[in-house]
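Note that chain A is present in both complexes that follow, paired respectively with chain B and with chain C.
So, the complex of A and B:
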């Protein structure tokens, strides 16, 4: 949704420049305007109070188109999701074979009583965390690399990254699966592993999927962080270098703090993406791996909701995921705010 | 005041309030108008028009041409016999049939009057309220008296009949005649011979699977359970209890899972295989034996083993016994939402008649559901003899419970086999867990 808000705000810019006041109130969605400017041209803060008092309805008018779209495409489906999660709603109810009945928290009780749910939840959290860390590490490292190399290798790296980014998840997953295929895959042939199956073991299957997820999501991190680094004034880096700081030290003490707003957005974005990963797991482990060993929450919800037509149970899983992601985002923003970052 | 909000000149604040209010009202109205409970469609049907357009959904087979011809001639005859009636036949892809059929139940307006469906789905569709009860018409139907009992069971739920059997499919043992000759092997006559033969083939030819098996190949595994006296579940009239963890069933599971390993079919590869994968392996010459259906004939013929294989019934425990096979196949049913009930039932009888099924066998090789027609075709086409023999020896069917669709879709049995094969659980624990899951599904479907 961030993207959409941003677009609408930009669309309104001939009338009102994209300023904090023109972006929606409330911490979560307010960030883009600030971030787009980067840490460089600040100075938006002074006028805030008086503007809000005077403008009155004006911001709401600009926001109305976005709110209508969000209302229709986000709020209403979420409302339905929540509603269905309190009902007994399977294929029989949809096609009128049995009456729809209110279950209260029955679906949630079933879900929380299911041992598999907790296993899947744990696997999802650990897997998503590993993906986020790996994606950020690779993305940031390559972004720094981009600023260090000459034009031609930079162009090559950019093109390679954009190629990976542009590849649809299904295509990417299928190609990776083929690369690691026990019978025909070039990786086994090069490493001399014979017909070793990468998807048989639980951890090796997760590792394979992790590689694919990192491969298709590091470009976003790389491009965003690279843009941020370019906006950092050269003198600052020069001064750090003159002080004898190592590369790592410059990153840790100069770049990272200056890029913090960007890193925050990139991290939250990655957390949300990687927590919701579906295609890669579904395609590469054939719907959740041997005996369901590679299930993550999203695939688990799909198996419950659509494969076995238990729409209400699937909705309950969806609601739980939504709450977890909201909590993660809010806690993270809160922490940053306490550290004195304005968002 | 460095960054004033630049409103266009003459844009009065009052007006903004005036436009904002209707916008907000519109949003609220849009939300409340649609904010009722999730939809439930009405499949009651009701009308019984004696003319008009009948819509039929049949499955799109791999090479569908011959099937279309048979259906076309049946439909032409039907249209001639019923003045003012048109029949529209649509062939739906098998892979996405579940979504299509769900959608048809959800939106009766775009649903067909008649459809083909997999026989394991009968109870689920009946519970969904999608299929019409045709007990009376079926009982009065002259030809139906020759329908074999298993096929009839596959359209029956709680004593009522919901369609006509269209064709049946069973699996038997495909084996490589050239490999058997080269290694001087006898065709296995018992289950233990089958297992030892498989391992001999693998030992002599490590590039082959002895008997291609799959952890997700439920209907290839079940004959081992059934021949040992086990059952998936037992029960009557809708209330089932899982018996997959009984001592007899466990013996069968043990026998099947003993085939996974480096001495026959390595678990790392075979644990994830399904029925089609094992047939693909056999057809491409990578397996000495495989459990395949009469419906796999074309795929094997198209492979590199053409002319180098033969089929026998899957052996049971003792010599001369045949392991009970799963009676697969498809049915044709009338949808409850149809507005042409009489016509639809009539067309169902025509499409599933003895004559049409005989023609369908000639065209596609699908085994007829009538005992007498089947006996006739077996004489014409020796290839089907082992399959007809298997059918004659008695077949088994999945529990006729609406819960079966859920158990099937949530992969309870494949998960059980895969847990054992990959060494995560032993037979006793895995089968007990599977039984628990099944019982939960049976009781919730009540």
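So, the complex of A and C:
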């Protein structure tokens, strides 16, 4: 426990100057070496020249294992996914009973002509947006709260958050289901709701999944933003407070702009995670809810492919997801570029 | 050295970030922090509590937040039914293999993209970034066929291989910062002292980057440990190769779940991740803060 305190406070304490240098998952942010003005390889231009001479094949040898694995097990499957989405691919083709036939955009036409697809797409976007907003709001609010309290409450909140973070999605899902169980769950008892079923209604089921998603994903935002706030020099906040700025005003006009790089990273990361939510929906709504009312794209693709053996339709849904996420990634890259980030 | 001293002076200048908050406000903030901590921790508390409750108390409409007669019945059921121990070992085997292999491969790749300048370097980095966005669930379909063609279905390899591939892009991104932070002068000095490139890589760079590797490995460990989609899709007939999430779902029958069993299995599944988190949280938080101090 002692180590924990030290770790949390000390680890988060910044070495970096005003603009917080965080590199959270997927984060592309200033590298510590460069920001600290140290002789990091990314920093000094002169050192670069000498190395360019002797680079040769060496980097490619170092990269070889990664490229082989990623190429074979990620790029190739993505290519195949695209390919299958243009073919007629059902159980008959899988077992070799019938030859695969090229469908062109036939699968996509089927998909886009299906009303359920649009319904699921809308549900996915709205659900992901709600999750992102809720996660960011809770994470940022608690990060600010962490800077306002003494060590003990901070440790308590940190520990609880790390616990939620560490909980595997599947156990988190079953535990939250149990908490809201109509017969034996404590929540209905506490709220006096009788045997109200949370998973029966479409919106209450989505709300329940949202609670679980926020619970397990806010800690990442909280810890990252907290580390960022700690990196903001005290004088700045002190000055704002002396000028009579309110808490909200300080957050909006001082902290938020300074934390922008970090906020961009956690937002994009949350968008990507929440858009791809699978386990929670699959487990908590039992594979997509009553009559598929709680389907999101990811689960929808899986159900199409593996439950009804329409592999090509499932692949087409996968391709649609991929394209949407690619668009998000491009926005992300643009934002990074605008911040003048060197890759 | 100049970097070090400038960091130090920055630190001296810095105030505690906490603002002087008036007393009643601070007490209110602390009370709410404790309350929120309790709410956040509640699901985990309830999970462990329910795992220890005797069957009669779980299936009671009282839902008391304590138990006076803890029992190990649920755990016995979990470890007795099915080959739970075996699933546990399988899960651990898969996760540990993925963590080690992907850490080593990512270390080499991160070194390449940070210590060398070469053509396509930036393109490659962007590719790694884009690769992170790929929804792995969507790839279940082509991966299923790939594993079938390689005869890997129903083996642990069908879980290990894809997870290595999926954890690599992110691991490389995250490690970049750690490798960059190692001063270049160190590399020059090593070569001047006659160290070979391999010697520098494994005996100097590797130990220095190790904390970063640990922070990174948390993410690959979690995603591998959590996976149930691949386990569900690729391990179809040979249940002896199954992993923990599948064993958990055995107890979870949507119509009439065995809550005691589910909670006990969930507890068993959560504990290794918690242990791992507590062990590496220091590295994790500093890794997220981007501060490499060692």
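Quick note on the criterion: the second predicted complex is superposed on the first by the 257 of 343 C-alpha atoms of A that agree within 3 Å, B and C clash if a C-alpha of one lies under 4 Å from a C-alpha of the other, contacts with A are read in each partner's own complex, and residues count from 1 in each chain.
Here is the rule we use: a contact is a pair of C-beta atoms (placed from the backbone, for glycine too) under 8 Å apart; a residue touches a chain by one contact, two chains touch by 3 or more.
In this text the structure is predicted, and so the values were computed from the model without any measurement.
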item	value
Touched partner set for A:100, first chain B, second chain C, both or neither	first
Touched partner set for A:200, first chain B, second chain C, both or neither	first
Contacts of A:182 with chain B and chain C, given as first, second, both or neither	first
Contacts of A:291 with chain B and chain C, given as first, second, both or neither	first
More chain A residues in contact - chain B or chain C	C
Chain B versus chain C as contact partner of A:91, first or second or both or neither	first
Contacts of A:80 with chain B and chain C, given as first, second, both or neither	both
Chain B versus chain C as contact partner of A:309, first or second or both or neither	first
Chain B and chain C contact sites that coincide on chain A, given as residue numbers	15-17, 21-22, 44, 47, 51, 55, 58-60, 67, 72, 75-76, 80, 84, 94, 286
Chain B-touching residues of chain A, taken from the complex the two chains share	15-17, 19, 21-22, 43-44, 46-47, 50-51, 54-61, 64, 67-68, 71-72, 75-76, 79-80, 83-84, 87, 89, 91-98, 100, 182, 195-197, 199-200, 286, 290-293, 303-304, 307-310
Chain A-touching residues of chain B, taken from the complex the two chains share	1-8, 13, 16-17, 19-20, 23-24, 26-27, 30-31, 34-35, 37-44, 102, 105-106, 124, 126-130, 215, 267-269, 271-272, 402, 405-406, 409-411, 414-415, 418-419, 422, 424
